[in-house]
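Right, I'll just put the structure down here and ask away after.
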Amino acid sequence: MTPAVEIVGLVKDFHTSFRRTPLRAVDDVSLTIPAGEVYGLIGPNGSGKSTTMKALLGLVAPTAGRCSIFGKDSLKVDSRNDVGFLPENPYFYKHLSGRETLRFYGKLCGLGGKTLDERVKEMLALVDLEDASDRRIGGYSKGMLQRIGLAQALIQEPRLLILDEPTAGVDPIGSRQIRDLIFKLRERGITVFLCSHLLEQVQEVCDHVGIIFRGKLVKEGRLEDLIAIEDQTEIVLKDASPELVARIEELVRQEGGAEVVRTGKPRTTLERLFLREIR
Amino acid sequence: MSQAATASASQGSHTGRILVIATHAFTQLMRMKVFYFLAIFAVIALASNFISLPQHEGPESMGSNVLSQIKSWSLGTMTLFSVVLAIVATALLLPKDIEDRTLYTVLAKPVPRFDYLAGKLLGVLMLIFVSLALMDLLMVAVLQVRTSMVLTQQQEMATALGWSQGTIDSMRAETEALGPNWSLQGAVVAVFLRSAVMAAIALMISTFSTSTLFTTIVSFLVYFIGYFQADARDVYLHSGEAGQGVLARLGSLLVSLILPDFQLFNVIDTVIQGGVLPLDVFGKLVFVGFYYTVFYTFASWFIFADKEF
Amino acid sequence: MRLVRKSMILLAVALVFGAIRMPFESALRGELEKSGLIPRELEVGTKQKLGQTFAAVSLGGLRTLVATFYNLRAFSEFTEQRWGDVARTFDLIVTLAPHTRYYWETGYWHQAYNAASYYINEEKLPAERRREAWRESIHAGRDFLERGIRNNPDDWSLWANKGFLLSDPNKFPAFRDQAKSFEEAAEAYRKAEATGRALPYVKRFSLYALARVPGREDEALEIARRFYNESERNHTPTLLSLLFVLEAHADASQDMEELAVRLFGTKEKAFEQLGTHWQRTRDRFPVYGVAEALQRLGKDLDIPAGENPLNQPLPPPPGPDQWFSQ
């Protein structure tokens, strides 16, 4: 099966007028997202997340390497038939209402007539903006903007959704609504590629993660594998009495070579992993 | 690298998408209250009716100056409006989309970059066209009413003086030439064409400029220099005779090859004064206008095709 | 680097496309100039003129509008009798709108008529200088009008105005060679008529002017006869009187009284209208045979000698000699 996203050896240099040496924003990044996955790309600001996404959308041309969406080269317009994009902090045309916005983007995708009417209705219901649909976007709150942005990205039923910092600047409730939406989309089989510097969120929704730092992809894999600690084994017991725990610890001591690191509630965080990887 | 926007099998037709973007740009500008200008125009067109100065007596000159005046005021306002709007609106639309990041959302859809540019340009031109059409309608109406008033007056005076029918007819024909006619419509089309060329130039400049202000200033400069393109061409074509230096020759060649010749559109002034614009000349003018507009639009696309955001 | 390369490509393409369109543009411009749709090379001389041309050229579509505003300015300059300013403003106006008859006519009229009569009555200046200013205003008006004609050779009204100016009795003394003025006036009227759009009186005026050119009486006679035979409507007193004097000039030996009766119908009418003609000295019409006719008609009609216009004092010709005597 063709992967939803395939990035091979992507390099992107930016020329600035003041410096002779180009600024390398993305350095040999390769990643593959199979269809149906939710993939999170994490990294601090300026690490190359957005540039990678822009390259995938054909907004910037790679210096080297290539990107493709469902097997179609990102530099070709038809690759964008199957992708929806929500940029970071999007603004839409303030003079349009929510409904007009969706109709505009729908028409850009070649939708029209009844199909368009139905899609617009469906999308407004999905992002829960039916009540505000006839208000001018200029009066929308941050969270509403983000949701109309999602609806806009999904208008032509793309199989891939690209979200750049989908919850940046959104309050916790709005943030939760967006997270719930992503879950809904995953259920529908839509591939989601998101980037964020909010690690907890990524941990919550993603199946796969990649960590990007200073343009390099430093770690990539299934979230569960990544946060597993290789030289440790976790035994998670339920309803264990303190005596039982003491006996197990005793057993370990007798065995030698192994040691009990800690007992208690199992927990590691993506954050810790992240910090370890970029050190 | 430049195939970022090559046409391909995306859903929907080019024309359809260009129209969607054009309609959108049109609505956007309209909701910026551009049409308020039309109210000002109405006042000007009506006011031009009421300014009168003493002049020669005699039925043949009676009231005919006011007809020229209505035309110069109306077409003058149309000129100002169309050129300013063509430059400012075009210079505004692209940077605004980039700044608001709405450009990302549009280009992330299956929209070839050419469609995007052509749509924006067409939107501006639609707005100018609709505005000019409304102004034209008003001007023709005012002119029609006023012409028939002048004709009645002249008729009365001529009859009182006992002029022959032949004389009255010749005077009538002269006055009617100053009223609404096809040449005048041709002049309005010329006003539109010139603004179309200007919009395409502003579009081209805005594809590599970094600010609206820069685009606007450079566009106006181009507009004024365009009026002297013909002189540069003359310098080049006849430089052998005058013996200009190589540099002057080269400079004049560059100017005349790159910039449009706006002096051609000065036929507008002659038409205002009752001149006749023959159909074949009009056709050639339209052709030149299209040539410029299409060229500068494709030039904009060439720059914009692999621009990075 | 890529941007530089692209710019070079774009420049090259622009040059190629420019080279393709250049012959077409150049030909179209030639065509427009030829048909008068865009003004030909403007007279560029002084720096001031250059500035004017610059403005005029780059005001495409706005030129007549700007001309309207200058016209308002000229009007207030006129009401304040600042004649130099009026002339300068009209120079500008016609640079902007060279095809508007109204501006040429108004500009010439301000100078040749308004300014000229202003100097007649300007009492602050000594007589000699007033006379010179008067003469200069008329000549400036004529020059301006002739410039208008050069720009609009098909405009009958401008030609006709030149005729008016040159055959206006109040302006005669401003032109040294009177015969030449009449000849030029006749030519101007003829040109007006040749446009095919002139009002009918222009044709008559052309004859009136020609009749006053010494040596061209035969030509004038032919035209006068044609008019006379053309229609009863043409039998105006002036035409009849001129036909009379021209016929008398052609054959001085004929019976003048008989000629007068043949043309005017009755002796009474002939006596009355030839009498008026005799007294119209201001217009400087020829009077061949008039004295003889009046003499004999007066006798036949039993008019007392004292009441015969022949024996009454002629009105003195108004003119600068009289205006500028003090």
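Note that the chains take the letters A, B and C in the order they are written out, and that residue 1 is the start of every chain.
The rule we apply is simple: a contact is a pair of C-beta atoms (placed from the backbone, for glycine too) under 8 Å apart; a residue touches a chain by one contact, two chains touch by 3 or more.
All figures in this text were calculated on a predicted structure; none of them were measured in a lab.
Novice: Which chain's mean C-alpha position is the greatest distance from chain B's?
Specialist: Looking at centroid distances, A is the chain farthest away.
Novice: Would you mind checking which chain's mean C-alpha position lies nearest the centre of all protein C-alpha atoms?
Specialist: Centre-most chain by C-alpha means: B.
Novice: Using mean CA coordinates as chain centres, what's the chain A-chain C distance in Å?
Specialist: Using C-alpha averages as centres, the distance is 87 Å.
Novice: What whole-Å value do you get for the distance between chain B and chain C if each is reduced to the mean of its CA atoms?
Specialist: From the centre of chain B to the centre of chain C is 39 Å.
Novice: Could you state the distance in Å from the CA-based centre of chain A to that of chain B?
Specialist: Whole-Å distance between the two chain centres: 49.
Novice: When you check chain B against every other chain, which residues touch at least two of them?
Specialist: 1, 306
Novice: Name, in rising order, each residue of chain C that touches chain B in their complex.
Specialist: Touch list, chain C to chain B: 2-3, 6, 9-11, 13-15, 17-19, 21-22, 24-26, 28-29, 31-32, 35-39, 57-58, 60-68, 71-72, 75, 96-97, 99-102, 105-106, 109, 157, 197, 199-200, 233.
Novice: Which chain A residues qualify as touching chain B in the complex?
Specialist: 54, 57-61, 75-78, 80-81, 83-93, 95-96, 104-105, 107-112, 149, 152-153, 156, 162
Novice: Looking at the complex, which residues from chain B come into contact with chain C?
Specialist: Touch list, chain B to chain C: 1-2, 51, 53-56, 60-61, 64-65, 68-69, 71-73, 75-80, 163-164, 166-167, 170-171, 173-174, 191, 194, 208, 224, 227-228, 230, 233, 237, 254, 256-258, 261-275, 277-278, 281, 284-285, 288, 291, 295, 299, 302-303, 306.
Novice: In their complex, what parts of chain B are in touch with chain A?
Specialist: The contact residues of chain B facing chain A are 1, 3-13, 16-17, 20-21, 24, 27-28, 31-32, 100-102, 104-112, 306, 308-309.
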